[in-house]
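In order of appearance the chains are A, B, C, D, E, F, G and H, and numbering begins at 1 in each one.
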Amino acid sequence: ARTGDPEVVLGQGKTPEQVASIMAALHEAHPEQAVLATRLDDAARAHLAQALPAAELHHEARCATLGPLPPARGTVTVVAAGTSDGPVAAEAALVARVHGAHVERITDVGVAGLHRLLAVRERLEEADCLVVVAGMEGALPSVVAGLVGVPLVAVPTSVGYGASLGGITALLAMLNSCAPGVSVVNIDNGYGAAVHAARVARQSAGAQA
Amino acid sequence: ARTGDPEVVLGQGKTPEQVASIMAALHEAHPEQAVLATRLDDAARAHLAQALPAAELHHEARCATLGPLPPARGTVTVVAAGTSDGPVAAEAALVARVHGAHVERITDVGVAGLHRLLAVRERLEEADCLVVVAGMEGALPSVVAGLVGVPLVAVPTSVGYGASLGGITALLAMLNSCAPGVSVVNIDNGYGAAVHAARVARQSAGAQA
Amino acid sequence: ARTGDPEVVLGQGKTPEQVASIMAALHEAHPEQAVLATRLDDAARAHLAQALPAAELHHEARCATLGPLPPARGTVTVVAAGTSDGPVAAEAALVARVHGAHVERITDVGVAGLHRLLAVRERLEEADCLVVVAGMEGALPSVVAGLVGVPLVAVPTSVGYGASLGGITALLAMLNSCAPGVSVVNIDNGYGAAVHAARVARQSAGAQA
Amino acid sequence: ARTGDPEVVLGQGKTPEQVASIMAALHEAHPEQAVLATRLDDAARAHLAQALPAAELHHEARCATLGPLPPARGTVTVVAAGTSDGPVAAEAALVARVHGAHVERITDVGVAGLHRLLAVRERLEEADCLVVVAGMEGALPSVVAGLVGVPLVAVPTSVGYGASLGGITALLAMLNSCAPGVSVVNIDNGYGAAVHAARVARQSAGAQA
Amino acid sequence: ARTGDPEVVLGQGKTPEQVASIMAALHEAHPEQAVLATRLDDAARAHLAQALPAAELHHEARCATLGPLPPARGTVTVVAAGTSDGPVAAEAALVARVHGAHVERITDVGVAGLHRLLAVRERLEEADCLVVVAGMEGALPSVVAGLVGVPLVAVPTSVGYGASLGGITALLAMLNSCAPGVSVVNIDNGYGAAVHAARVARQSAGAQA
Amino acid sequence: ARTGDPEVVLGQGKTPEQVASIMAALHEAHPEQAVLATRLDDAARAHLAQALPAAELHHEARCATLGPLPPARGTVTVVAAGTSDGPVAAEAALVARVHGAHVERITDVGVAGLHRLLAVRERLEEADCLVVVAGMEGALPSVVAGLVGVPLVAVPTSVGYGASLGGITALLAMLNSCAPGVSVVNIDNGYGAAVHAARVARQSAGAQA
Amino acid sequence: ARTGDPEVVLGQGKTPEQVASIMAALHEAHPEQAVLATRLDDAARAHLAQALPAAELHHEARCATLGPLPPARGTVTVVAAGTSDGPVAAEAALVARVHGAHVERITDVGVAGLHRLLAVRERLEEADCLVVVAGMEGALPSVVAGLVGVPLVAVPTSVGYGASLGGITALLAMLNSCAPGVSVVNIDNGYGAAVHAARVARQSAGAQA
Amino acid sequence: ARTGDPEVVLGQGKTPEQVASIMAALHEAHPEQAVLATRLDDAARAHLAQALPAAELHHEARCATLGPLPPARGTVTVVAAGTSDGPVAAEAALVARVHGAHVERITDVGVAGLHRLLAVRERLEEADCLVVVAGMEGALPSVVAGLVGVPLVAVPTSVGYGASLGGITALLAMLNSCAPGVSVVNIDNGYGAAVHAARVARQSAGAQA
């Protein structure tokens, strides 16, 4: 991959054996650099534990890494409302770290409990880039973007039922945020948000040094 | 209409002449009770000013009334984020009053400016029923319902562009509110929300007396 | 949760073990107040029967409660057309009771058999708030709201096939009710409707005393 | 056209001049049979009044006819809830007559006022085929089909706003009717419903003689 | 049910035990009349074979009947393009017979092989009502309705993949048929089409006698 | 543009003055080759008549050409059901000619009148590529592709109302054609279909020489 | 089937036994010609290996063939971006060969790695028809059609998650290609694209001889 | 607004008089800072030319500014494919400048003409943040993000017809980009993209100094 960025394997749609052999091959080619695999189901992670013991498993994020992580510059802060959004937030956090940023996580700060959100305002301000994860009505990014002027990437999740339409409602809501500067990625795409955020954080880091 | 409720004429899809003559006929049949006409465009209101000088015109709400309003019991508080949502909020406020409730209005309290919302928390608590109007991402009802336990009806508006889908996004978001107890009406339907809210307010009024 | 309201655990998306331990913890913190868990599948309810014998299981409603229910004030009447809508109606009934209202249930009153509906008109009138549950074409709330002027929350269900679109058709129909004052919640969201209805009923109860 | 059926010109998408000359040509070819033109806007009807004085204009139905109507056999009864559905109901009524059936019309019988519907039950029973027209939530066909076992064609109309989606909501609701035997045509397609109904009525007429 | 019509149990959403006991109870109440159960999966039919040996199982149609069928008057002809549409066509055929009509079936007459369709034109003409079943692009009803002037009910099926959208494409196509007089029912709803068609056929039968 | 292909200006979204000056500039740069402008409204064509008298106007196709057409090889046959589809068929025919193919047109051959279609079967067979244009239920391409094995491009049109969804229904139907080998372009995109078809026809022409 | 075209069996929706017996029967009737079966799941292919040993299994393409392939004329080149699109590309390649064309395959040329695509430009030019397969944002056909003027059929795949909507996004994108001459088939329909492409290639082959 | 950010007035949904008076009031309150008005139609800009001569009009961007622009740090590069996307690109460029970034514009680099895009690769690399604007199939952001690793915000536009669905197709395509790190804003929302991009650019600028 592009210099500085790790190689990434999309686990979804591949057999556990395919994931293991691709990770091994990429690691052999560039042992000095991390290999990341995302969207690994339980079977894939179980297989990797056996077949590739050098790999590190990240169960909440449903990911695996192999090889040394890059040094970290700048800070990506990942914010999520509920525990159901945990896997997507965990994926975003891991991916941002693997792409060279420091990572902070803030959890349990939904729009229906504003005081918890107001209590972390300072931590939000200190981020170089925010990744805000939310399902259902997807209102959290608007509220966060109304509090601080930090670049923000919103990740809708498929958490919900009925008229949540598998995450389409949260996606649409985020695209219509009345707070300026909110950009959005695909449903459950913690990976994509984190790549964007890590690039912003790394660029910004030098400026503050 | 049902005893206590005024007769209502839906102006949309009728000519100005039709609206005027229906209002006049209903007024003649029940002069002691208000007649309300909604969704009147500029031409319809201009015609009524000439043809039915006894009618009162409510330009922001795009409505007209004829005959005495009922006494008011209980309080409906209508909350809106932006000036673009003004006409729908005004319709809700007028309709709640015409259906026998006291009405309060709170404006300019969008989710991107939380301090203004927190500043009116007490007024929100005092309502018997809240009508919360919002367009775009439709997040305001979730935030309000996270602050106070008052019965709340959310009204999505067609304000927005692109992926706001003429109000569908706000509607879907409100239906997926993570705050419990939010009920929702059709896009731009300040009328329907206010009828529900006025019934709740009138019922509750006796309790507090 | 807000004073008077019980703590609620959304079972969907949690393991049976997580549900049991969260319920136990909340109960320990507030033993004088009910804890409610909703959207529990068969496995979760079976686990609770073992792990938390003090909990009461509500199989039709797919819920569990732990701790004493609050005293009841005011009446929520839950109306449903068919047996397929039973689980959603049962959830609404339980939740309304847990949130402090008396509950009545009326079943088997679909729009294709009007005489059964006309026969219960008086019971509908006596409610402080109605919760009307229907799938397929979702017509029942319109018909009920045309009979009585009681505040009404409509719950679309995912019952149906083909063009019922998993409940979207019933949802859209209810939002477009030609009877005024119908407010609507998410598909299969008996919980949300009942929270709204119980608040209205409790407020109204004092008034009638 | 098929023997017994009149020639029909779809006015929409044609200039007034085109409509007039096609009607004149068809009439000249078959002067003993009716020619029907549908979906004529005001300009088209005004032009026909001048250019084709022998044509009869049907303003509510937005149609014109030229030449003698066929004898009528069997009865199509057209039922509609509101005045806004009037043009579609009028089109259905005219088309059924032009296709050889007697026509009855029942109006102002919406689902929110059941007593008016129950009062006409006998007239519904006497029809050979019912055409039931409704907009908004499209509930009327379900209620009618629950009252009488007559073959019924439902016509959704584009009357409504917001989540009525230009008639899609009424269409979906009618397709999901819980009353058996309801068949449905396109939004605002009074024409298609009436052709089906007139065929059924004509077939049935002999049986009763 | 309405005199002359059998009692019908919708199997979908009921346990095999529930279906068996409802059928038994209805049969006991009206032993002189047929009871019909639809949408029975393999498990339900296997259970009925054991629990209710007097019931007749209709495997292709996924239905069961109990008790004597009514005498048949008039003819419903069920037309289908492909073998994948077989179950829906079989359901329609059985239901029409159970509702008192003679039934004919025509199969393997898709729009991509017109000669087979032209070869059965006479049989199409002889029907009192046609039920035309088709999936994918749903074109068959238009072609049939262009050939004969018989009342026609179109049934879209969920056969297809990708942009067939589970039958929505066929449904939309049928609603937009350029041939007049096509009426439509829900996706895979052979039941509803057959109830309508049997009523038309029974009414028409007397006429021809 | 690519050698052999004319320069094409998309008129939609440009002022008449912009279209005229772009056409003039392209013509000056390559006077030996045709310039084509598409999607010109009445005002644009009127302006071109004045400002660019050397341009040829094609009113039904809503296009203009300037400069000599290329020699023609191979035959594209454009088939359309109704007169409402005329402008799209005319655009396809002109564009195919401008892109170097001979063009044949067959009109008035809808699926509801099969005999007219069967009568032209031989002309369909003789084409090197077919462009089949249809609105409403979009069934014509399936029927044509069931008759002849010629490469076929289907063009859905926005002709229709209600559930035709501005051409989406015809588009979906064509994508689900049960006849193999049907490929599809955007709604009303006679231009794109003709570019594809002309390429196929030109390639095929040498083979037959 | 049409002379020169093989008989094709759509495996989806049929039992393994049905597929085997239909293939055997067609082969017996026309032993000199290939029979093709598509959309065979693992069970169906395993059954064929036992029941019809003379059949050739094509596992990546999920197909089986029986009997001699026709001679090949002209070249269809199948282009795909990722390994996830492999099965659809393999189906297209096999089907094109079975329908009488030579086949080339180009893989791993996604839009996010343009140099790989530019490196194969000459091979793209040499094709008589291109089949371009892509999922997710479906951009590959636009880029390929911007490079070469060869007739091109685009196949959207259901590869992706969230807002890929099961392939609808790729389908819509391809229909809106800004490069002219792109025609499109249903999601995952490698079969349909290949039938179109093989017809074009066979026609074109003579021309180049 | 937040320190450093200008006050912004959304012109859409306001009268020209309202825009002029709000701009004047904000300017008076903070004369040292820019006021920006967006989405101004021709009438609004004409009124401002008269009523507020000190305002600067930006016709392509449909905006107006009043008061001194802030100093610029870091570079936002705005990339667009076609002239139809010009207004959205111009809005993005102006807004980025008003929010404190240097701005570069690259135009006429669509995916159907890759060489023009490859020729500007170096300019793309030099940006601190990219804003990539595209309509129709929305493929440009994927191609650009495959070339350079710069943070990128994609803006779908409503340019197109038929299945472009008013920009929904481009929006969906961008959300599914196979190139990592693409974030997306609402259709035609050059404003939102630029606010995000300017924040990134300003943060990054110090780092490079």
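Please note the rule applied: contacts are C-beta pairs under 8 Å (C-beta built on N, C-alpha and C of every residue); 3 or more make two chains touch, one makes a residue touch a chain.
In this text, all values refer to a predicted model and were calculated from it rather than measured experimentally.
Hopping across touching chains, the smallest step count from chain D to chain G is 2. Just one of D-E, A-C or E-F has an interface built like that of C-E, with over half of its contact pairs in common by residue number: A-C. Distance between Cα centroids is largest for the pairing of chain B with G. Chain B and chain D, compared by their mean Cα positions, are separated by 36 Å.
For the pair chain B and chain C, the distance between mean C-alpha positions equals 26 Å.
Distance between chain centres (mean CA atoms), chain C to chain H: 47 Å. Annotation for chain A: residues 162-164, 168, 171, 175-177, 186 touch two or more other chains. Listed by label, the pairs of touching chains are A-B, A-C, A-G, A-H, B-C, B-D, B-H, C-D, C-E, D-E, D-F, E-F, E-G, F-G, F-H, G-H. The touching residues of chain F, counted against chain D in their complex, run 83-84, 159, 161-164. Per the touch definition, chain H reaches chain A in the complex via residues 2, 4-5, 8, 128-129, 149-153, 171, 175-177, 180-186, 191-193, 195-196, 199-200, 203-209. Within the complex formed with chain D, the chain B residues making contact are 10, 12-14, 156, 158, 166-168, 171, 186-189. Taken in their complex, chain C has these residues touching chain D: 81-82, 110-114, 118, 136-139, 142-143, 145-147, 160, 162-165, 168-170, 172-179.
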